[in-house]
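After this come two complexes, each holding chain A, first together with chain B and then together with chain C.
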Partner chain A sequence: MLAAPLSKLFQNLSLSLVCLLVPALPVLADAVDYRNQVISIALTQEPPQLNSMLATDQISGFVLGHIQEGLLRYDADNRLAPAVAEHWELGAEGATFWLRQEARWSDGKPVTAHDFVFAWRNTVDPATGSEYASILYPLKNAEAINRGDQAVESLGVQALDDHTLEVRFEKPTPYFLGLTAFPSFFPVREDFYRSRGARYAADADDLLFNGPFKLSAWVHGASLRLEKNEHYWDRDRIRLNRIEVPYITSETRSLFNLFKDDKIVLAGLDSETLQDALKQRYPIRKFSDGSVFYLEFNHRPGHATANKALRQAIQAIYDPAELVNKVIALPGYRPGRSLFPLWLGGVERRFRQEYPAPVVQPDPEQAQRYLAQAKQELGVEALPPLVLLTDNSPGAAKQAEYLQSLFKTRLGLDLRIDRQTFKQRLAKMTAGDFDIVAAGWGPDFDDPITFGDLFASWNENNRGRYNNPEYDRWVRVAQTSSDPRQRMDAMARLQTIIIEDVVILAQYERGLVYVQHPRLEGLVRRVIGTDPDFSGARVIQP
Partner chain B sequence: MLKFMLQRLVSGLVTVWFIATATFLAMHAVPGDPLLNDKAVPPEIRRNLEARYGLDQPLPQQYLLYMGNMLQGDFGISFTQQNRRVNDIIRAHFPVSALLGVAAILIAAAGGILWGALAALYRNRLPDRLIMLLVVLGISVPGFVFAALAQLLLVNVNRWLGFTLLPVAGWGTPAHLVMPALVLGLGLLAFLTRLMRSSMLEVISADYIRTARAKGLSPLRIFFRHQLRNAILPVITVLGPAIAAITTGGFVVELVFAIPGLGRYFVQAVQQLDYTVIMGTTVFYGAFLVLMVILVDILYGIVDPRIRERGHD
Partner chain C sequence: MTESHYAPRPGDFDPLDAAPQAQTVCRPPLSRVQATWQRFRRNRSALISLGLILALLLFTLAGPWFWPVDPARQDLEQISRPPTLGKVALLVADDRPWHGSTAEPPPALPDATALPAPTGLTILEPATTRSVRLRWEPVAGAAGYAIYRSERPPADRADLGLPLGETWSGNEVGYEDRLQLEDRSYYYSVVTSDGFDESAAFAVVEVAVAQGITLADARSRGLVGPDAAIGDRVRLEAHPLGTDYLGRDLLARLIHGARVSLFIGLAAPLLFVLLGTLYGGLAGYMGGRIDRAMMRVVDFVIALPFLLFMILFKIAFGIGPGESGVLPMLVALVLLSWPSSARLVRGQVLQLRHEPYVQAARLQGAGAPYLIRSHMLPNILGVILVDLTFAIPSAIFIEAFLSFIGMGVVPPTPSWGSLCNEGMNTMLTHPHELFFPACLISTTVLAFNLLGDGLRDALDVRLTEGT
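For the complex of A and B:
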């Protein structure tokens, strides 16, 4: 019974074996080709999901950011710029976008307001099961629809005509413009989507493009090719004719070897390849990717870490600068001083310039006093070992061992390291099966609330179940106020609570170190939006 | 003979069923599930996703459903690549692994037989010592070390020459096949060399070789017609399972050389707890291995009637 389908499979296999050695793409090309303006790059994995309504990961976001476009986009200086929308009006109740007439899909048909309405409704439709649906919650009724309480037609977005899109908000959303650059807000054309059914975005032919490039070839797991989109409204800005992706591997050493062999224009470095790159005298570039990593305490009753004095004792021996400089020792990383990273914008300047985070200096004597208090409050002679949940990467192991020795020497506390693979770690985080977990958060949009609401009692991502009515109250103020000063004041309150109540201990802001081809110009790295962005890049003369 | 083959086939099917069941149970015993992600989803969305993949059913029900679909040759849809069928993944990527594997086997078999025979002929003399030293290296150094070293060597050779002699990584032309196949075949090559050497040593001291020599046959003729042909039998025996092992075990080589083989999906699926891809690749690889063992059994039965006779007991 089993043999029949299997033998058919083998038949197919032997057939395709013959065709294999015929090259699918010219993969021997050099990293840059000046005459034809072509570059080659590598991806660390195959894009898992090119359906913009379902995509959640960075690789898919990178490809989508090059082949599709939303109402606004981020420009070369990382400022918001008009894209499909030519101009707009933003108010407390909602926003109106006027779409440009010349915006086209890759089949020549115009991009209309209806394409946005279709995509946004589809994303919040609970039947779609989009993991990122919550990013659309600023839209009127989005959350109720997503929870299955209301019809999708009641979503606060409407096409007044083909080129006018009206948006109504659930509550004032001053950062809404930035959201429209996010893939979940990209347009999808209904007739094309329906014509592909479940195959939508499964292959290069199953997608439409309205961005700077078209995905013209996609051999799964092996290669992709992006070609300049001649229907793109701003095509004169695009200098590259083609971006080849002939290599897909997560092996950092292999990527660096490909870079040395002049086969790819960009290679990320780890601590080993960094040493090698320094020896070869390559110019090293660094970039802070915007995410914050922290130790999250378990605040559930029954865990020793629910005791504030114990958390304060740990805070008093902890020095993120030592962790970053001595343990991680990679350029680009910054010591974590707050839940809110340095790059976030405030009222007029950077949030952290306007509201500096309270500094807690390491103080071993104070730590001992806190520890004694904690033991007394918990009614124990000696504290039981604490469980530190972490992932199974080599970097995480190094950091965990550093913490283990720090806890032991400074506080006499035993730390049990629980290393788990990705899904098992998540399962344990969700179940609350830890005392401390090494966690992190990457921003979804350019507003401090993308971090600030993390420890609200209702947030599903609050894995330590921190529950503080005062914190919740300030989150609501930050979410609903339309006065920028009032919002950022509330955000500053959150920052202070996080540090004074030791909700978490910020560890570091992550950095990226990489090497780049000397003849590639105009490559943009960004914290929010498509990263790296090749749309304005070009190859300069040898 | 037909009965013997049928027997083997039935026991093979039972083995595959056992593999499928054991994988299914082990996979569900692991904490976590494929729907968990960095960003937590609201319970309503989670319920919808569970319903879409049938994860809301009780486990025995899921098992029956899965086995039913598998009997019809349908492995389901991937959790991580939601618009790709597992059948498509196997169909697209197994041929790549298979081609790489076959090339590796050819290199290993040719090299192993030749080196092994040479070592035996020059027993305890310098060539033998040298070859056996390399064999020990080949068996004890793990594949990922060879892979990394080989790639570094290529980079330096290409830079020194000023043109691409062999590509550093990637897939698509015969040139891309050379280094990965060599690296992948190295372990087996070493193993086969050792096997061939000991087997050849037995043959060399056999009576019929002395007879052949006494007849005045040329040493070359004795080597090819009498020694090699007899000594090669045990090597053929191990080739069946070795083919399966090598076509399925190329994960590291595939990763280092950026080759779009099935091995990468096999390993990543486990990390991502992608239920359908874990099941699909494990059952497929299991069936492949079983098939190879059966083939060797049948071949053996043809070559050596005594084995076939025992099958009747």
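For the complex of A and C:
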């Protein structure tokens, strides 16, 4: 009969297929391995870009922060600590960094000042097209070079010798030390970069490492493996031998199930999985990640939101505490009261303790008066529907629907929700194709100016094209003054303008709720720098 | 020999009555519709389905009169609640900011190794779902406190539940919790911290939280008269099927969602099956070259991608983001879904055309209208109805899918599909949000299928003529 041999053939075929497939499957280890000091984690997406000169996103920043190191880094207490630079001098004109002799690349060659010069020049080079080039603008001539007006050689950074790096500033930059821990300031070795050409950072073999770990395997879209870098200068600090990344998924439910099955050491929670985690009696941890989310108005002429009275009317019905407590309903989130989040440092204490943000209490009657004024100024009987641009995540949709109902019931305004993917939202924001957009900003360095300059008229990230000469003036003061008191006073002016002119409406400071493996110790969560940071983590005895 | 006395009468030679008395027709002849209905009535499941569909139409059309609740109204005091018949709530004062509770700064301890748990943990005001205010005595050496909330008594230090927040100095000894409170008992724990680490000891207090509503809120919702005072009890609106993730009444959302779902689910299939039947019937009836040409057009339309055209129609109709895409959805469904019906009908007609009885009728001089009315239509009606009953549920599903990817209804308009998608997110914690819309979709689809089955059996002449 025909059927039998056929099925046998299939059997053989499938057997041999299985044999072929087995070695290719990653070893799905447990979450922690005490004897070998190995942990497994999951990433929410494949790192989009491991070229430190081009990377812009948080996932890439996480991987880069483990495999590369800049002049300085943040330590376990979230203070700046020496890394490749052993010591330094910071002045108003510039800074000098003395690099340590024992800093090595993963092929054993020393990390030199030339590697920094090469990377920084390359980042501001318009031919590289780095989206983060502007973070190097404190360097002398950086902006002109990035515009294409000057040669890259004129950038204000110089290697005096192999281990001395001299930096010249465009204008005084008191926060420059914090910048050097940012991936765009990581070193890249020229000979290696040139040998890889366009393939640089395309695969694990196409990267050179000077950080605590090295990327030893990278199966695109599937898994990564980080192994301890034996050439790292501070290798005694590193306790973990390996970090496995066998899973890449952004599904919170899947991540939590992996955590429950003891397959990964860390899982973020949403409001659903949080209930589940509470039922399972896992200790819940929370962490404010430092970013601020806000409703940004479109100030371009022709948009109803360019009218201040309308913005004030919206401000007068809006209660961020209700949004955070009832709609988001996750611990760790804080109601947004200002563009400047609570954790930012001021002159001596926290900025917001020294300069409390003016509080606008919800006032429905005042809102009606503002609304009537707006209608009169715009010369309309009824306002046209406003378009709210937002992300397509379930959380963003829920918040948008909350706002839609709020606008309708309190102001009689129709709000149309335009849900887009993250990338598409950014594109539409840049094009100005919105009335109100739910946007957010994560800090790049530890200084209020990382938020404060957002709405300067020249800032590319000022997507609503807010243009206020007074605001610009205070931004310049905050950027250039070297007196901390004067700088923070200027920031406070910015904070007041933001609230009184309703440039944006702060929604919340984002929090993260997560569960962590009980046998993992030394994991550091940070607002600025690599988060989460596993470099000081270890697995404790069962 | 006797003589025959037979004397024939004239009447004797009349023909007998043609109809024998024993076979009287004891009922009037049945029309086709009557016969069909009679056969249909014998099919119990089809009858029940018909009843269900009628009930559903009543639910959709008359629902808003019986349950005049705005499906978009959000009640943030009752988020994701299971079915209730009106909770009693305590009237509380309108929100006023609370600046916490501060005490004298506690003495600093030089080396605090094990900080004790705070004492005197109490609630300051009656605890309601609006807010719970906690206070405790300061602890020497404390640099702050962390506050936890659990729904059951904590078993140990690792089981304190939700980390609500913290205070930043040793003399800040109050905390206000407003984080999505429900009317139930909570166990609040306070842990002393030295600024970096939290101590191992904790203090617990059990708090019975009552449903609360602010006076202003109750007034604006018309729950109380003008003479209501703080401390009174009011009955909140009933939610017979519970509420969703923004406190919207699920029954009202289902009623209004049914309008969109059934509109697309009925209008689109009716239109495209009609179009397909006309087109396919014509092609099959004409036959030959015309048939071949018409069927190539069908092949062409089948090759068109639905989603792409849906998007194109949306743009062509000038529908921007955040505007309802129900009309382009209907147009796209009708313009792109008819070919399958056309093929089906054309095949049937082609086959019927060559049946001997059709040939015979044609030879006897029957015209096209007669042929179509008496031979074609009755024979293909069953096929069309089956096609229709399969098309309705799939149209409902397409609507659900398109609403999910943002091409169909837009918030706050609900449809069954979008309700399901929203309910899916909270499936494990609040199953009622998924259960009710899913139940309605399943029931509707099943009812239409069984009804179609029953109709086909009742209409199929060949299947039932003999019985």
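Some notes on this structure:
The rule we apply is simple: the second predicted complex is superposed on the first by the 516 of 542 C-alpha atoms of A that agree within 3 Å, B and C clash if a C-alpha of one lies under 4 Å from a C-alpha of the other, contacts with A are read in each partner's own complex, and residues count from 1 in each chain.
In the analysis below, a contact is a pair of C-beta atoms (placed from the backbone, for glycine too) under 8 Å apart; a residue touches a chain by one contact, two chains touch by 3 or more.
This structure is a prediction, so every number in the text was calculated from the model and none was measured.
In the superposition on chain A, contact is made by A:Lys263 with chain B only, not with chain C. For chain A, the partner that touches more of its residues is B, with chain B and chain C as the two candidates.
Within the superposed three-chain model, A:Ala396 lies out of touch with both chain B and chain C [touch as defined at top]. By the touch criterion defined above, A:Ala29 lies against neither chain B nor chain C after alignment on the C-alpha atoms of chain A.
By the touch criterion defined above, A:Leu378 reaches neither chain B nor chain C.
Of the two partner chains, chain C is the only one that A:Ser405 touches; chain B does not reach it. Touch criterion not met for A:Ala76: it reaches neither chain B nor chain C. Once the two complexes are overlaid on the shared chain, A:Ala133 sits against chain B while remaining clear of chain C. Of the residues of chain A, not a single one touches chain B in one of the two structures and chain C in the other.
Interface residues of chain B, counted against chain A in their complex, comprise 9, 13, 16-17, 30-34, 36-42, 44-45, 48-49, 52, 70-73, 80-84, 87, 89-96, 98-99, 148, 151-152, 154-155, 158-159, 164, 167-177, 255-258, 260-261, 264-265, 271-273, 284, 287.
The touching residues of chain C, when paired with chain A in their complex, are 72-74, 76, 79, 97, 150-151, 155, 158-165, 178-180, 245-246, 320-323, 406, 410-412, 425-426, 428-429. Put simply, chain A touches chain B in their complex at residues 1-6, 8-9, 12-13, 16-17, 20-21, 23-25, 27-28, 42, 46, 48-49, 51, 54, 56, 126-127, 129-134, 146-148, 198-202, 206, 219-223, 246-251, 253-254, 257-258, 260-261, 263, 421-424, 426-428, 430, 460-461, 463. Residues of chain A touching chain C in their complex: 272, 274-276, 278, 281, 283-286, 321-322, 325-327, 329, 331-332, 359, 361, 385, 387-389, 392, 394, 397-398, 400-402, 404-405, 408-409, 415-420, 513, 518.
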